[in-house]
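In this document, chain identifiers A, B and C correspond to the written order of the chains, with residue numbering beginning at 1 in each.
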Amino acid sequence: MLCIDNLWVKFPTSQGLFEAVRGISFSLSHERLGIVGESGSGKSLTGRAILRLIRHPAIVKANYITFHEQNVLDLKEKEMRKIRGRRISMVMQDPKFSLNPVMTIGSQIIEAYRQHNQASYKVAFRNALEMLEAVLIHDPERVMRCYPHEVSGGMGQRIMIAMMLIPNPEVLIADEPTSALDVSVQRQVMKILDNLVTERGMGLILISHDLNLVSEFCDRILIMYAGRIVEVCDAAKLRQASHPYTQGLLNSLPRLSERVPRLTVLQRDINWTEAASVRG
Amino acid sequence: MSEVKNPKLSIHDLKVWFNSGRDKVDAVKSVSFEVAEGESFGLVGESGSGKSTVLRAITGLAPYWSGSCKIDKASLTGRRRSREFFRKVQMVFQDPYASLHPRHTVDQVLSETLYLQGIKDIEHNIVRLLSNVGLTSKFRFRFPHQLSGGQRQRVAIARALAGQPEVLLLDEPTSALDVSVQAEILNLLNDLRNEQNLTFIFVSHNLAVVTHMCDRIAVMRQGEIVECLLADQLGRGEISHPYSAELLEATYG
Amino acid sequence: MSNLPIQDWLLSDEPTSRRQAKLSRLFKGWVAFQTNVLAMIGLGILLLLIFVAVFAPLLAPHDPFVQNLGNRLQPIGSDQHIFGTDSLGRDILSRLIFGARITLYIVVLVAIIAPVVGLLVGTVSGYIGGVVDMILMRITDVFLAFPRLVLALAFVAVLGAGIENAVIAISLTAWPPYARIARAETLTIRSSDYICAIRLQGAGPLRIITKHIWPLCISSLIIRVTLDMAGIILVAAGLGFLGLGAQPPSPEWGAMISEGRRFILDSWWVATIPGLAIFAVSLAFNLLGDGLRDVLDPKSGRS
């Protein structure tokens, strides 16, 4: 469905070009793909590059980024807008910055719905209610009258997910959708997202730093390090990952079940940066 | 709550609230615990549970509080703290990006702290502090924006340790960091605790981290301690309160 | 990019001494500033102004005070008087050159007094809060409630006309906005973790305000001052024009316009030339302020 070949993202700095993403290639079908990496590994930029959300002066280069055999990079901005949000949606990290603070949640959802569908206010309203119910909000009518600051982080993120799903996109890119949330709410939000994605047969790209979360909710995982994919593995077999970086990340997590006096510290190897990117 | 012999820090019936009058918000409602010398005590809970507010009340950063709070049997009152208190008790903040002054170099941060703590021979001590937290002197004249998150947190730890405190309050010191860096910082904190016989109060939302770092753990919810556990009990899953179970479940997945 | 060793030393991300860290930060700011062409033009005009003011006696072709009534109202481009002469036969160029001294004098004094008062009031008010904040801010409001020129006029009327009094009057009317800015900045800085951290080391309010809050407020104040400077020059010129600033025969630009006003139809240059000078300097300050904002403002994102 989505194919990316040799994607580069570069930023000009006073010390020359900084290469944040360095030639990565992967494809996505109707599956849940996780992209894991530490801060600065280029994982978020990858997600943004697909939607062409990276602005000047950064440079995005790729042999191709195709979505249903159509090269996204060749599209005009106007055509791009038809894809962005409609066919490929994105959920950002913090719902506070994605919702308009001076409009009620209801009117934002209704507006978004009517933008994508020819519908009367009544139909849009009913659909908005259904949307909110779909993300397990119990009293949708009250929530629709609320302003974004009046809802909790978890609720806000569920609302964002509901809004992203209105146009029934084929691919959903979720960039750290739960890292601003409490642990107990995290799973809940992820489960909602997961159910919706599987029910509708969407493709999901889940970008996160949390190995456990990704391994739980994805089919396949790309592990990124310094702008390259160092390893691709099945989520179920993450524990058997072979790359020392993946192993190092896994080992550096403290575990509840076994208490160790010292945590294993990840020893970085310069060769990892230089090794060719793995195709995912 | 289990009694501790010779507590380094004892807190009894601590209440903390923000705003007075009609807008009063109770952040902490009657929290009591005791921490022995050299112990590492964990407070775990979700956002809004009041776990960080407890630390802020101890250090005098919270606006209103009541109850009793004793360090080495000396009672604390109001929001003023003595010089001796600041020599004994220090704090490391959650976000290393926000806890260092953006226009001060590492050198300025540490030398000012040493000066305030009344320590002579600042030159020598800066080098010592940096090497204690695993930084070489090449970091000494950098500004915070020239450091990575882990390096900044190391500087923040060095600052907290400058006056050779006995109690270190740690407010989610690794939640803003990558897991590999988190491991480094947690190891560093454990080493420092062993070397300098520090007493820790470790606040975190992450059960695994708290269990790794602490001997005893109090689970907080909505300003109250719901359960107090030994780390080993938690590791074996021997918990009684449903909320702790819920947290455990969420962590494990 | 090939750099000189000194540039490498200045641009280093790993400074090895206090001095290098400081110089390096300044140099990086300068490099960023240089890329802004308009700001550089502004800076150039201001440097020229300073140069002219310092070397006025050497640069001026004539004595700015010597009158020659037989030679009055010479047009632009006449022999010996490039910008012509005024109603008393004084060389306009020379008066302009000496006037630069007065303009600079006013600018420097106001730039020192107003922001310092504002910074003091604003940071103290913001940091201490409570009743002190209330009182200081209400006083600020009182000053803000008057139109600046009217208030300055009132002050000058009380204090008596003259450059010094004009400076005092302008400063007294200019500080409230700075107090407001400094207070707003202080309120956000006050609750930040690094202020909490230094408080936990036992630092008192005086140290926190002077060493931790001021350095962060100063950059936004500098920006605001340079942007306001145009206005200040205009107020000074306005007072001069109304005869309440610099007194004749001193060649203050506003006073020069005022004198030229009577002849504006027949001898337009007498008023126009000092007007252009005021315009150029005000513009220069605005351009410089814009450039400084790009460099100094931490909010505009320095990645």
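What to note about this one:
The working rule: a contact is a pair of C-beta atoms (placed from the backbone, for glycine too) under 8 Å apart; a residue touches a chain by one contact, two chains touch by 3 or more.
This is a predicted model, so every value here is computed, not measured.
In the absence of subunit C, chains linked through touching still make up one piece.
Using CA-based centroids throughout, the chain positioned farthest away from subunit B is C. Between the CA-based centres of subunit A and subunit B the separation comes to 33 Å, rounded to the whole angstrom. The distance from the centre of subunit A to the centre of subunit C, each centre being the mean of the chain's C-alpha atoms, comes to 49 Å.
For subunit B in complex with subunit C, the touching residues are 59, 61, 83, 86-87, 90-91, 93-95, 98-103, 105, 107, 112-113, 116-117, 138, 140-143, 145-146, 156, 159, 162-163. Listed in rising order, the residues of subunit A touching subunit B in the complex are 38-39, 153, 182-184, 186-187, 209, 211-213, 216, 248-249, 252-266. Subunit C meets subunit B in the complex at residues 13-18, 20-21, 25, 192-194, 196-203, 207, 211-212, 215-216, 298, 302.
Contacts from subunit B toward subunit A in the complex involve residues 46-47, 149, 178-184, 186-187, 190, 205-209, 211-213, 231-232, 234-235, 246-248, 250-253.
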